[in-house]
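Chains: A, B, C, D, E, F, G, H, I and J, in written order; residue numbering restarts at 1 for each.
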Amino acid sequence: MSTQPSTELETFANPTPERDYTIRIRIPEFTCLCPKTGQPDFATLYLDYIPEARCVELKALKLYIWSFRDRGAFHEAITNEILSDLVRALEPRYMRLRAEFNVRGGIYTDVVAEHRAEGWTPPIPVQLPF
Amino acid sequence: MSTQPSTELETFANPTPERDYTIRIRIPEFTCLCPKTGQPDFATLYLDYIPEARCVELKALKLYIWSFRDRGAFHEAITNEILSDLVRALEPRYMRLRAEFNVRGGIYTDVVAEHRAEGWTPPIPVQLPF
Amino acid sequence: MSTQPSTELETFANPTPERDYTIRIRIPEFTCLCPKTGQPDFATLYLDYIPEARCVELKALKLYIWSFRDRGAFHEAITNEILSDLVRALEPRYMRLRAEFNVRGGIYTDVVAEHRAEGWTPPIPVQLPF
Amino acid sequence: MSTQPSTELETFANPTPERDYTIRIRIPEFTCLCPKTGQPDFATLYLDYIPEARCVELKALKLYIWSFRDRGAFHEAITNEILSDLVRALEPRYMRLRAEFNVRGGIYTDVVAEHRAEGWTPPIPVQLPF
Amino acid sequence: MSTQPSTELETFANPTPERDYTIRIRIPEFTCLCPKTGQPDFATLYLDYIPEARCVELKALKLYIWSFRDRGAFHEAITNEILSDLVRALEPRYMRLRAEFNVRGGIYTDVVAEHRAEGWTPPIPVQLPF
Amino acid sequence: MSTQPSTELETFANPTPERDYTIRIRIPEFTCLCPKTGQPDFATLYLDYIPEARCVELKALKLYIWSFRDRGAFHEAITNEILSDLVRALEPRYMRLRAEFNVRGGIYTDVVAEHRAEGWTPPIPVQLPF
Amino acid sequence: MSTQPSTELETFANPTPERDYTIRIRIPEFTCLCPKTGQPDFATLYLDYIPEARCVELKALKLYIWSFRDRGAFHEAITNEILSDLVRALEPRYMRLRAEFNVRGGIYTDVVAEHRAEGWTPPIPVQLPF
Amino acid sequence: MSTQPSTELETFANPTPERDYTIRIRIPEFTCLCPKTGQPDFATLYLDYIPEARCVELKALKLYIWSFRDRGAFHEAITNEILSDLVRALEPRYMRLRAEFNVRGGIYTDVVAEHRAEGWTPPIPVQLPF
Amino acid sequence: MSTQPSTELETFANPTPERDYTIRIRIPEFTCLCPKTGQPDFATLYLDYIPEARCVELKALKLYIWSFRDRGAFHEAITNEILSDLVRALEPRYMRLRAEFNVRGGIYTDVVAEHRAEGWTPPIPVQLPF
Amino acid sequence: MSTQPSTELETFANPTPERDYTIRIRIPEFTCLCPKTGQPDFATLYLDYIPEARCVELKALKLYIWSFRDRGAFHEAITNEILSDLVRALEPRYMRLRAEFNVRGGIYTDVVAEHRAEGWTPPIPVQLPF
């Protein structure tokens, strides 16, 4: 496997497509550049999805994340773009991305976006007593 | 950009208006004056919203927050006023503001207010199993 | 303002009655006496409410809380009595009181009671994706 | 009051039967014996209930819990038995018991059981914005 | 009882089949091998289920978990396989398995899968005020 | 035993006077009155001591603590007074008292005082590697 | 007492000058202005001291802290100035001030300064085994 | 090995007597009876020691701890007794025992005792910068 | 001020050189490249120092940290290099740098290095009782 | 580099031998077998050292740790053996190893061992005021 930043999102076949199961991924090492000042920005990404036919390969996801290292990117726009890229590559039943940006000017900002496949309805959740 | 306290709330175009996505902002550096005693009050603000056409610019938000530094303000009134100012400037689909005030007299107080755009209905949330 | 314990619950006009907003109050300094043994009991009170026409004044609330310092009071009864006193004084749309008592005999006890104004229906909550 | 372990569950009259209010009790000092090996087992019990006519007296509850100190008891069976004993004594509107057992063989086990009085329907919960 | 890794999942009769109660199990000592590199992987498993006629014996569960120590296994596939094995052995009313894998390449991954018995409907949860 | 507040500090004979061992006591339920405003003050007391001939009886200590409930007391003075009372009653080899008062006016205050018996030297501490 | 910001530091007589005891004060509500940009800065102050003849009055300390609200002040300079002001007013045996400033530009800064009275030697600390 | 409570403390040969190394043991499942009331008491034991010729066998330690289950025991006396038993069985270079008892009457109590072999001097600790 | 990465470390005159005071800086946004694989590495830096004649300017420190973004650097070497750069620029009385690197291959690594000016001796620390 | 378990401990030249600096390594993924029962044991290793001429290569350290996966090993013996292996390979100025084993039978065990090079004396630590 290449160890260059890459915008390709390699995938593999979902081993259990008969179930609506969830994959949760946390990436604390996202960094890009502020398009206004050119200075580095940092965020933690939280990606949750229910796969359809494809799952994302984790090493490829890492190289994809790396590809933002030298790009300028606004908080709101970049979160939506990453979600859109992943949706295009995986065509998941459901996907949600939360980007938790580091504090700037005393203000903390998170952006959360989600995608639902057309015609897909979420299973009614089972809430076990706690 | 000015570095004076300002009651203007600069905005920018929502880059992804086609999605109902969420922006969460935490501002731990809010301070105003108690209208009864004139002494400083402190709070952390939590602002969550789903934008329509406009997003709030973070530096402008910071200057707006700064504009309360020399104002007298009751807990309940100021929380509702800030929410109303932001709703007027952004006309969001949904907005919620929580103000967590520092303890006074052994009592901790939070105030939480929200706004829903007319005709807007929240998407039914997807609750992934945890 | 008096600085005597007081059973009066001073109120002020709700500044934003047009909104169903929430006021959350935490009081970690509640103490009364055990009616069986006469010994001091301690609790933290959590009071959440949606005001109608009146809000409770915080200093008055403090004096009211103080008025229990020399009273004997069972856990279940006192929690319901405080809720009833506050409901009578404020006539809120909604109110909930949680009393978290300190451990006794290796057992921790909380009591939670709530009041809903007749005819009032809670707004369907907006659950933002997290 | 006796200070012997006791299987009696003394109760007192619910002071506010007109409300569906909640009593939450945490008991971190439960111990019994493993019926297989005879060795001590330890658990924390979480008991939540909505009383009907009777509340459980806390000192009696403590003596009841003590009565398991020399009994052999499987995790699943004992949790259900304690719940059943309490339901029989209190006939509550609702009751839930969670037993959190200490780790054994690298495995942590909780058991949660609940009882609902016939004909009783839980109030639709008020979810205040947070 | 054998102390060899074992793929057998010994069970015992559910002592209280008349109730829909929950058993929660946490196993922080799961380890298998990465099928790509052959190197060890580590995870914590969270298993929650509502038993029908059978419960899983904890020592047998431990030996079963041990049987993965020398097996190559992808995150998504192994989580679904373990769930399927447990469902086959217990035929529970409901079962959910969460596997929280240790970080690799700066990325944290969890996989969550669930099973519902046909014809079984979850009880509407009682949400006590908190 | 009486269940009245009491300024008497009952003691019992140290069972192991041949060792310099430590007794640590935490009392989260201390309350007195502010001598300026008359309003209740709250603190957590941390008492550590090395006994000589006498140890303090815990129920008596509780009644002693209770005796401050209706007394006015400045933070610095009360901490030193309690230490002096305990030193007089126990004549310990070493004693330290920390009083952690609840926040007032946005300011948190602790007072820490200690006593060393004349001629007593603390053993050189053994610091195990961590 | 005045409720104006004040540079006066009112004191009162140390009630127990015969002991080297410690007073610890935490002030989470310090704010001043950045002398470069004019924008608000925020810090938590930690003040620890051993009094000689005088203790600082807490309400006066609060008004003194308030007096920095409209002053420009560099982190290193302001911490040393506050320490010097307090040393001048109290002439303590020992004093230490830590200022924990809020993050700016992704960087967190604390400044810690201390004063020892001439001729004063700290007591050799008693380290109780833990 | 027996699975009965036992006052025997089985040991094994220290595998590395040429080093002053530390063994730290935490036992959260200690229970005995209060000699005054006969009711159960609970504690967590922290045992740290530097072995000489013998180490304590962990299963035997567990059976020894179990032997207190039906014994009445004061906090101060029992901690010193357990330390003395272990010192007699192991003759360690150094040993320290901390017993952290559960809260009773709103008061938390720990007892800490230690033993040093005659002629043994602790190595000067290496404190790495943190 | 430039907003380019820069290896220059701008300084300013220590405002209180007559005191041995401490400046503590935490930088959670350090990133460089692994010299073996070329992939990004991440760390949090903790810098503590006692200034002599010069203090480091925080914005300059930020640009200096930024200058490592595109450099390959081993953990041990880079920590020592940054310390050496800062020592050269500030000639402090004392300086310590801790670099806490993100986990790689299941292993967490920190590197800590320090510098002491020749002829400088650290003040004997005052340890206040806690 | 091989991806087989290996008892070889590859090293590289210390880049800054002129300084006594510290390398801290945490390895949460240690597993071996219990020599009595043959069942898996788990531990977290904490390794701190001051290098002399050589540092340990992290990937090699990982393969070395992996080599214990199929070995039977007592807690006390294995901790000392790993320390000895590392000391032989690195000949460090100072090294300390802490092994924190997972709970077994309700008992938590840590073992801590250290090595000091002959003739090496630890630098007197600089304790900055906190």
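One rule holds in what follows: a contact is a pair of C-beta atoms (placed from the backbone, for glycine too) under 8 Å apart; a residue touches a chain by one contact, two chains touch by 3 or more.
All figures in this text were calculated on a predicted structure; none of them were measured in a lab.
Asker: According to the touch definition, list the chains common to the neighbour sets of subunit B and subunit J.
Answerer: Common contact partners of subunit B and subunit J, which must touch each of the two, are D, E, F, G.
Asker: Looking at subunit D with subunit E, do both copies bring the same residues to the contact (over half shared) or different ones?
Answerer: Shared-number fraction below one half, so different.
Asker: If you tally the C-beta contacts, which comes out ahead, I-J or C-F?
Answerer: Counting C-beta pairs in contact for I-J and C-F gives the edge to I-J.
Asker: So what's the Cα centroid distance for subunit G and subunit J, whole Å?
Answerer: Measuring from centre to centre gives 43 Å for this pair.
Asker: Taking each chain's centre as the mean position of its Cα atoms, how many Å separate subunit A from subunit E?
Answerer: Distance between chain centres, rounded to whole Å: 27 Å.
Asker: Roughly how far is subunit D from subunit I, going centre to centre by Cα mean, in whole Å?
Answerer: 55
Asker: Counting only residues that touch at least 2 other chains, which ones in subunit E make the list?
Answerer: Those would be 22, 24, 28-29, 42, 62, 96, 102, 104, 106, 112, 114, 126, 128-129.
Asker: Go through the chains and record each pair that touches.
Answerer: Applying the touch rule to all chain pairs gives A-B, A-C, A-D, A-E, A-G, A-I, B-C, B-D, B-E, B-F, B-G, C-D, C-E, C-F, C-H, D-E, D-H, D-J, E-I, E-J, F-G, F-H, F-I, F-J, G-H, G-I, G-J, H-I, H-J, I-J.
Asker: Hey, which residues of subunit D end up touching subunit H in the complex?
Answerer: 3-4, 28-29, 31, 37-40, 42, 62, 66, 69, 102
Asker: Within the complex, which stretch of subunit E touches subunit A?
Answerer: Within the complex, subunit E contacts subunit A at residues 22, 24, 48, 50, 74, 76-77, 79-80, 94, 96, 104-114, 116, 122, 125-126.
Asker: If we count contacts the way the header does, which residues on subunit G are in touch with subunit F in the complex?
Answerer: The contact residues of subunit G facing subunit F are 14-16, 19, 21-29, 51, 55, 58-59, 61-62, 124, 126-129.
Asker: Which stretch or stretches of subunit D touch subunit J in the complex?
Answerer: 42, 102-106
Asker: Which bits of subunit I are touching subunit H when the two form their complex?
Answerer: 96, 98, 112, 114
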